[in-house]
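First subunit A sits with subunit B, and in the next complex the same chain sits with subunit C.
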Partner chain A sequence: MDGGRTFLAATVGPVLVALIVLCLAPLGVLLVVSFFRVDFVSIVPDPSLHNYAQVLSSGSYRYLIAKALMSGATIAAITAVIAYPVAFFIAKRIREVKAALLTALLIPLYTGDLVRIFAWRLILGREGVLNSFLIWTGAIDRPIETLLFSPTATTIVLVYNYLPFMVLGLWLSFETLDDHLFEAAADLGAGRTTILLRLVLPLTAPGLVAGALMVFALVVGDFITPQLIGGASGVTVISAIADLFGAAFDWPLGSAIAWTLLVAMVGVVAAVVVILGRTPWGSAAFGRG
Partner chain B sequence: MAIGLRRRDFLAAAGATVAGAALPWSPARAASTEIVWSTWNNLGLPDYIDPFTKETGIKVDQTYITTDDEQFARFKAGGAADVDVFVPGQWEMSRYIASNLVQPLDLRKIPNAAHMYPVFRDNALNKKDGIQYSLPYYWGINTIVYRADLMDEKPDWSVFFKGDKYKGKLAMRDYAVEGIMIAALYLGIPQTEIFSMDDRQLAECKKALIAEKALLRTYWTSIADLTNLFATGEVVCAFSWLPPYYDLTKRGIKMALSLPKEGVPSWCDVLAIPAGVEGERLEAAYKLVNYLLGPEYGLKLAYGGPYAQSTDLVRDKLPPEQQERIFIKDPAVMDSFVWPQIPRRYNEWVTMWNEVKAS
Partner chain C sequence: MAPGEGGQAPLLAGRGLHKRYGAVHAVRGVDISLSTDRYVTLLGPSGCGKTTILRMIGGFETVTAGVIALDGRPLLDTPPSRRPVNTVFQSYALFPHLNVADNVAFGLALRRLPRDEIARRVAEALQMVRMDSMGARRPRELSGGQQQRVALARAIVNRPRLLLLDEPLSALDRKMRKEMQIELKDLQRRLGLAFLHVTHDQEEAFALSDSIIVMNHGVIEQEGDPETIYRRPSNAYVADFIGGSNLVAGKVVACAGGEATLETAFGPARAPCAPGVAVGRRASLCLRPEQLVIGVGGSLGGTVRHTVFQGADWLVEVAAGSAALRVRCPDEEPPAVGGAVSLRYDPAKAWIADGALAGDA
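Coming up: the complex of A and B.
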């Protein structure tokens, strides 16, 4: 027993310490600083809720936080819809070239963010591949300006960037799905829709939720894609925080926005867990019911 | 160079945060004849600095700046202790001085400083209470750069704020100080008031900037990116640094500059010595500062940068076309300079800038 405890402490201990030092401590510092105020070039430890009041009373910061959460949720939803059949296909219909397909799926991730962004610029630009093609076909006679530097362009590139994360989560769920269950359900008279809704979806819900949470968090934190693809409307709450930390030396306000965003994200995730937890799919995902 | 975020690094904004934690940045200090110079990577090329080392025996180790903001955050977090000479932007000297990060300069040890153009010699941003803390080093302008083949007329600041002839083909730098300063210049707010604008003036600027946003294709963050946008025709006119003008002209695209009569934003990097540098290292630091303001280095910079020094020591050694290229042929251009500085209400400026972008 003691040996077991020692083993547990030796294996889990370093992870816990690393987690606390590398993850929680910086967040703790940010939290403390968020209650201070800045006086030109000095951070004055004069605790108050002033920064939080400023964040919550500012329509712009509220809008930017809501925009980040909406963007995360939207991209998670779109990637889920695209990834679901793709993951099913790879897991259940492919035998020979499964590894090659998964590798191909990950290839975009091997290139840097900027390479992917500039590749999309070449496709979506005023004189880009897509506009040139559409003009060549006669479908349009002038380039579509909003293909690039618009919210639509940002959505397209974000979906492209984060789709692999959703596919991977779902693929793992599909791989563990026992095909005999489909046969049993069909033998018992379940139609395709029933099998999908009452069997496949609940059993792949853990992968769906894991993928969605990952995509959601990554999209909320991505400020480079909106900045370089979104044009004049590409501002994000993260770039606003970066401006406050970097340019204005207003670490307290930057910290307060960062913590408000964090709490809002946790709130969204908690709400999803609670709402989904009451459904059969959620019960499967969160291990209840 | 220009103020703030100057390198082609999209992730640079995060650098300030990382640097704030004083992470691994600690150049080795060895013999007393070695000093550390915190500088931009294009200013201390071996060809530029070797003559100094040869002449004085002082070896110059360099560490490179990624952004002005990052350098300030690093110094605030104790990074100044590892540096003997550094290159901040003149516009942000007030925060180095207020933070006691720099020491007063003894101009008797920098004889080349006596040859400074008056506009630099007299600049108050390098002083506090009459004490000189930094010396202008090299400088340039940031102005309107445009595709002369795609625009019918020479633009001024108003192109960014009214009319829709070039709607969706304009770009503005994503930087609060310059963005708001240009709105103020367009609105005719006196230059002496720009960096201490009151609520009414800031509100006027905000209104103009929201109108501007509707005309923009994008806000640019990297000069390499802006160069690409010019080259592909996505953008025909921008408030810009000069590299797109030089690079694309060289590639055969008809580019042009416009220097608006309301004022031309200028930038100047300065030389300063951190507080705490003393003894032999201080003497060596002074020698380096003097060399960087001198003719031998200035000649290399005038062609290599190409940048003009703050001193006039090489002006007469340059042919007229090179003088023209670095804006010293007619020193009258210096009369139109607008020097950015840290606004009195900087965090409110940044908040307003974000509000405009989120509008």
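Coming up: the complex of A and C.
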């Protein structure tokens, strides 16, 4: 027993230390700083809730936080709709080239944010590929100005960026689904819609939740894409935090916004888990009997 | 043919069934006919096409050529969801997110039956498979045998015309398999429902069936009740696959009145023969291990090569010429290995089946 405990300590210990140092410590520093205040160019350790009061009373910060959460949820929803058929196809209809397809799916992730974003600017820009093509076909006379630097453009590029995460989450769920379940449902009289609603959705819910959480967190944290693609609409809460840490040198306020955002995100995720956990789908997804 | 049997239309009739997967010809011209109230098994080694036939009837496999009719009406254009047949899958395929009662209610709920009728029929079906106290459990909380029962209840609750069972007992341990065999047969009798059961296990087929269809390489080798299949195999393949008969190949030199004489490496042998055996054809003398008796003055002689203790008796392998004969020896002490023995058998109980196994002299 003692040997077992030593082994446990030896294996879990380093992981725990790494987790604390790498993940929790920086957040702790942010939390502490968020209660301080700035006096011209120095941070004064004079704890108060002043920064949080400022965040919550400011309409623009509240708007930016809400916009970030909405954006995360919207992109998660859009990627889910696109990823379902893709994941099903890769998991259940492809045999030989499965590994190749999955790799191809991940290739955009290897190229780096900026390269991808500038590629999209080439496609969506005023003299870009899409406008040129539409003019060439005669569909339009003058280039569409709003293709680039619009909320729509931001949405398109965010969906493109984070679709692979959703596909991977759902693909894993589909891979573990026994094909005989579909046959059994058909055998008992279920049509395609019933099979989709009563089997596929509940049984792939774990993958959907995993994919949605990844996409949600990544979209909320992405400020480069909105900034370079969204134009005037590209201000995000993250870019506001970055400004406060950089040019404005107000680390305490920046930290307070960061923590407010974090708490809001955890709140959204917890709400989703609780609501799903009460449905029969959810209890299948989270393994409760 | 029994009186009256000819006039009655069969429950299910498949004619000229073929299935090709690319270059593989999995089912090659099978005719199958099932009547109500009978337990029929499709028996054969893996890859013989038995599961493909079951899946064609269930609607999960298209038919390359041929027709299937149920109650005299064509079945093939009907999707699986509207066929009045239900399947028990090898992997059970229970819905993991639903509890036992909801699994069983699945088909009834889709038919929009009244709630109280669904509840009553689910309770009835669960009681029939002795799972009435388990309705609230999830499939993963059940043992293999219990999952099997739920899969059965989920199928029979819909009152199908025909129940299809795809190797339903193969995932169970031996003891559980024996118990489930008895329960399956009992259930089939009580329901008065036609069961078509696919298996590769001949013991299972014997225990369950009113009729056995032996398949090999996509064709039916023989169809009949268990005793006929066991005692009077129509050809060497069936004799070898069922009961592990010793086969002595030879050439038919005389054949009349249901008896044939075979010229073998051990000399001529005369025994009742299968239809199809004819003078000049190759045939096999079938001697099951329990028909051979070790003693003096027998017509076959050889040397004891192995003895294997089997509990109730010994299995003795005797090298006779180029053949190896397996003999059941009920004595407490088996003959010594390496010793010479003489084997005899009752020719009236022996059997001559058509053809010889590939590789037999």
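Please note the rule applied: the second predicted complex is superposed on the first by the 288 of 289 C-alpha atoms of A that agree within 3 Å, B and C clash if a C-alpha of one lies under 4 Å from a C-alpha of the other, contacts with A are read in each partner's own complex, and residues count from 1 in each chain.
By our rule, a residue touches a chain if its C-beta (ideal position, glycine included) is under 8 Å from a C-beta of that chain, and two chains touch if they have at least 3 such contacts.
Not measured: the values here are computed from a predicted model.
When both complexes are superposed on subunit A, subunit B and subunit C fit side by side without a clash. By the touch criterion defined above, A:P202 lies against subunit C but remains apart from subunit B after alignment on the C-alpha atoms of chain A.
Considering which of subunit B and subunit C touches more of subunit A, the answer is B.
By the touch criterion stated above, A:A91 is placed in contact with neither subunit B nor subunit C. By the touch criterion defined above, A:G191 reaches subunit C but does not reach subunit B.
Using CA centres, the angle subtended at subunit A by subunit B and subunit C is 150 degrees, rounded to a multiple of 10.
Residue contacts after overlaying the shared chain place A:L228 against subunit B, while subunit C stays out of touching range. Between subunit B and subunit C, the smallest C-alpha to C-alpha distance in the superposed model amounts to 45 Å. The residues of subunit A lying in touch with subunit C in their complex are 178, 180-181, 183-191, 194, 199, 202-203, 280-281, 283-284, 289. Across the complex, subunit A is touched by residues 58-60, 79-82, 85-87, 89-91, 93-98, 106-107, 110-111, 137-138, 141, 154-155, 158 of subunit C.
Chain contact summary for the complex, subunit B toward subunit A: residues 4-5, 10-17, 20, 67, 69-70, 72-73, 76, 95, 98-99, 168, 174-177, 213-214, 216-219, 221, 225, 228, 232-234, 346-347, 349-351, 353-355, 357-359. Contacts from subunit A toward subunit B in the complex involve residues 38, 40-42, 58-61, 63-64, 67, 114, 121, 125-127, 145, 148-149, 224, 227-228, 230-235, 239-240, 242-251, 253.
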